[in-house]
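Here the chain labels run A, B, C and D in written order, and each chain numbers its own residues starting at 1.
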Amino acid sequence: MTCCSIAKIVDNEQIRNGCYTMKLEVPSIAGGCTPGQFVLLRGLVAGWPYLRRPFSIYSSDGETKVDIVYKVVGRATSIMSGMDAGEEFDVVGPLGNGFTPDETCTHAVAVAGGIGIPPLAFFCQKYVDLYEHTTLVLGAATREELLVPVGLVVQGVKMATYTEDGSKGCRGTALDGLAGVIGETALEKDAVQVIACGPREMLSEVAHLCRERGVACQVSVEEIMACGIGACLSCAVPASAGGYLHACKDGPVFDSSEIDWERWLET
Amino acid sequence: MTCCSIAKIVDNEQIRNGCYTMKLEVPSIAGGCTPGQFVLLRGLVAGWPYLRRPFSIYSSDGETKVDIVYKVVGRATSIMSGMDAGEEFDVVGPLGNGFTPDETCTHAVAVAGGIGIPPLAFFCQKYVDLYEHTTLVLGAATREELLVPVGLVVQGVKMATYTEDGSKGCRGTALDGLAGVIGETALEKDAVQVIACGPREMLSEVAHLCRERGVACQVSVEEIMACGIGACLSCAVPASAGGYLHACKDGPVFDSSEIDWERWLET
Amino acid sequence: MNLEVKIGETVLATPLVGASGLFGYGNEYEGLLDFTSFGAIVTKTVTLKPRQGNPPPRIVDVGVGIINSIGLENVGSSVFLGEVLPAVDIPCKLFVSIGGETPEEYRKIAGLFTGSGRVDALEVNVSCPNVARGGIAFGSDPESTYRVVEGVRVETALPVIVKIPPLVAGLEEVCRAACDAGADALTIANTYPAMAIDIDRARPVLGGVTGGLSGKAVKSISLALVWKAAGSVSVPVIGAGGIETADDAIEFILAGASAFQIGSVVLRDMGAPSTIVEGLRTYMQGKGYGNLPDFKGKAAGEEDTGGEE
Amino acid sequence: MNLEVKIGETVLATPLVGASGLFGYGNEYEGLLDFTSFGAIVTKTVTLKPRQGNPPPRIVDVGVGIINSIGLENVGSSVFLGEVLPAVDIPCKLFVSIGGETPEEYRKIAGLFTGSGRVDALEVNVSCPNVARGGIAFGSDPESTYRVVEGVRVETALPVIVKIPPLVAGLEEVCRAACDAGADALTIANTYPAMAIDIDRARPVLGGVTGGLSGKAVKSISLALVWKAAGSVSVPVIGAGGIETADDAIEFILAGASAFQIGSVVLRDMGAPSTIVEGLRTYMQGKGYGNLPDFKGKAAGEEDTGGEE
């Protein structure tokens, strides 16, 4: 159940330049979160901006601890990168709807672009046993930008790495990776479930490809948030049915067909 | 010469509950400041309020270091109380006009109420040799509120302590102390110079007493400041000639007759 | 100690009111907020027909506050009445904020909501763009304000609160127009027109281009507006804008506000409502005040020599 | 790279202007500020007769900015002309801010300052209380603005800049009135009427009761006003309010400002002028802009779907 509590930093470590994993002690959330859900954090330090900031849950020990993975992009994340074990956040969570695993599928393909890895890693960790094959496609521009958090290797999950310059893994994008995997499986489209998280443009391409191939696809999206619970109507995402969905409450995981990608990319 | 530079904390120590001395390394100021002058500080830490804060110089080694004594009363001073050696301020100073010692006098009486001690201590330290007798009258409500910064004892300066409840020194106020000293000296009024710093009400009473006795009196006053250099006209002090003086530029040390005390107390 | 406030004939248990647009339609924060600290919650502004609202991004954090450009997204009066309202279950009063594009629309929607049972007061959001006058807010001149409120008054016996936009040259006249038309109380003020520009992309950050600033940044401006308004009308004034602490709330009451709204602060701190009400109690205890009128407007009466420069 | 801006026939070396009231009469910051970063400094507002100003306290720190209530203290036109002006020695342009209680006073003082040699432009502070109209600022309605500016225009060949108060319902009309009366440029905006209350003493903090809010808090509101004004007049707009960094300044230029003023930030950071001008250069270099018109107003042109809520 969603609640508002205090999260204490257990560990805050740089994975690579500008990207960190943070372990938080927060039993109220660790106890009952599912992959795709997120938390809203406000650092209890001077200088924090006005609003909380949303972060997907990267993993949870199911009891007291939750991990997130974050990239420094602005004020809040830069403050976070300087925080130490013992420091605290005011936290709200778990929030939103997570991924819905489809047990009728034999194959799960998780496609991560850039900092999109956290919810997908949690998905793989939690649901690997539901599928015969689980593949995690990681894409980035270069080897340096590839994000592979410590402890990411999950038994039974196949990792497929793509870099645009070929400096690590295969040359290409996460989308090429997805196309490869979907093609390679040579299976009934109903047997494959795609889940994805990453930049909006990438998600749109993934959605497009899946629609073309008739493969089901769930995406975890990002939109600027304030309340996180559907009260303020800030986090509007253009809906294919017209009007807007709200990322915090209707999402952040959506069936990719629910979103009007064209309208969203224009904003 | 006034300039804007960086001051590094060398030491920050509690003297008594809520009162601190802070030693700052700031050669540009230490080199050329006189008693009664002040500095404007802005802590280079998140959470500092909008404006700088003024503090009188308590002592200076004449080369690199300057000390201040401050009392925690609000946001800035409370942040200061938590700062450590090595942390920095953006500082402007030395600012304002200091005390003018009158060498024709044989007696100097410095009257300090509450947190008024710093500029007077600096005066006594610097000018003790100019007078035959220098007396520093300290007043407070109780023994606990009496402020006697470490290192205050200056050779040749007589200390007279007054508490309203008699818990330390004589029973009475700093004003009683002053009356005592002025009476006791039994000297020509021209032989005595009074300087004072403390709460506005006390200064007004000191000014009144000195006028009655015909004794010259300089006071160091406080008014909310912004620029510190006479540009913004924030620090208005009602002038006996009508209109306003400006504490930062015309003061903070004034001849007590320049101030329209009645008008000032009304504000 | 008694924290009660009367708005029209409605009695609020405390002077703390949840501002429109931050608390959905009433139920969203169930289990998360201490509703017993609230005197009332104001719903998101409801219009006759549903509105989709503005394209994203709809909110931007400017450090000292936030700028929102939701675009009055709401479910519309029928869904609100048929589905939303019956489900509302909070232990404090419920005010419904209403908006429209013409005085006629305001009138109609006021009629619809009257007699629904669960609604304790109407807050008339006159910051909505007056379509007939090129989109300028109804509340920015006395005549349009009068026209809107007059219509609402005719249709309802519920307390009518008029929420005034802040960028108004003759605030007093607008307030008096609202009162002349029958307002039982005024909320002062709505958000401040503001914007942010993405300097890298050289375009406005918000999908709606401009939006409304709320939060800490606007507190001292709203306080001056409340001071001014409270001095010129006799109905209760509800202060709003940047109230984040008990001390802020007390400033508004001393300036003449009978009650106050909080909005943005809840996005940072869900404990704020209880902290504020507790702080208010502590202040009153310390000063020996038994109820709010003991210090309401106490800071008034000084001569105002001028907001320059 | 060329940072020059033309205001009337006066050419400023950079678009950074020191705001009225923060830089005294020009010389006060000698040796403390890098005046070569400035295009111009605006003096404290000067009136025909000397003014004593408001009782203290005159300024209060509200964290997100400051509220001042100086009360237009100034030495008056004769002392200014006879003693102050001849001594001014800064390596940038000098604009003199003028104020008055009647249009006639504005006219007279404009005449006095014209032909003094050292004055490069007049900034007409129409936020001064219009005594004949109960103290409402001249700039809060188009007609009084027109009357004031018209008189000044007749008396002077110097560039005339009109500084607009922010709490105006019809900002565009006031701006157009100033231009119709012959303004060469507009400064937008002055401080925002605001106040603070000492809850312990239950009275206003400022001696003048209300004052004007400046600093970080008002930036996004001023930015929206500049955006609006720049879209409705053709003379240069000088942005003001809460500009503290190069990024802030760039936002104002992208919104349509030709130049910008800084004020309160200098109270915190004397290095701000150089930092801002350097940051502006770096931005222009990065984007390949050779001069300011290359990106002035570049964020405009999007449809504004509305400042609610």
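Quick note on the criterion: a contact is a pair of C-beta atoms (placed from the backbone, for glycine too) under 8 Å apart; a residue touches a chain by one contact, two chains touch by 3 or more.
From a predicted model like this one, the values you see are computed outputs, not experimental measurements.
Participant: If each step moves to a chain the current one touches, what is the fewest number of steps from chain B to chain C?
Facilitator: 2
Participant: What whole-Å value do you get for the distance between chain A and chain B if each is reduced to the mean of its CA atoms?
Facilitator: One centre to the other, that is 59 Å.
Participant: What whole-Å value do you get for the distance between chain C and chain D if each is reduced to the mean of its CA atoms?
Facilitator: Centre separation, chain C to chain D: 32 Å.
Participant: Compute the distance, rounded to whole Å, between the mean C-alpha positions of chain A and chain D.
Facilitator: The answer is 48 Å.
Participant: Can you compute the centre-to-centre distance for chain B and chain D, using the mean CA position of each chain? Integer Å is fine.
Facilitator: Taking the average C-alpha coordinate of chain B and of chain D, the gap between them is 37 Å.
Participant: What parts of chain C, by residue number, touch at least two of the other chains?
Facilitator: In chain C, 21, 54-55, 62-65, 68, 70, 207, 216 touch at least two other chains.
Participant: Quick one: which residues in chain B touch 2 or more of the other chains?
Facilitator: none
Participant: Take each protein chain as a node, join two nodes whenever their chains touch, and name the resulting shape: line, ring, star, complete or other.
Facilitator: If you draw each chain as a dot and join those that touch, you get a single closed ring.
Participant: Which two-chain combinations touch?
Facilitator: Inter-chain contacts occur between A-B, A-C, B-D, C-D.
Participant: Where on chain D does chain B make contact in their complex?
Facilitator: 21-24, 28-29, 31-32, 44, 52-66, 68, 70, 73, 207, 215-216, 264, 266-271
Participant: Applying the document's contact rule, which stretches of chain C touch chain D when the two form their complex?
Facilitator: Residues 20-21, 45, 54-55, 62-65, 67-72, 125, 127-129, 135-136, 140-141, 166-171, 190-199, 202-204, 207-213, 216-221, 223-225, 227, 247, 250-251, 254-255, 283, 295, 298-299, 302-309 of chain C touch chain D in their complex.
Participant: In the complex formed with chain C, which residues of chain A make contact?
Facilitator: Residues 1-4, 42, 49-52, 75, 90, 92, 223-227, 229-238, 242-244, 263-264, 266-267.
Participant: Okay, in this complex, where on chain B does chain A touch?
Facilitator: Residues 45-47 of chain B touch chain A in their complex.
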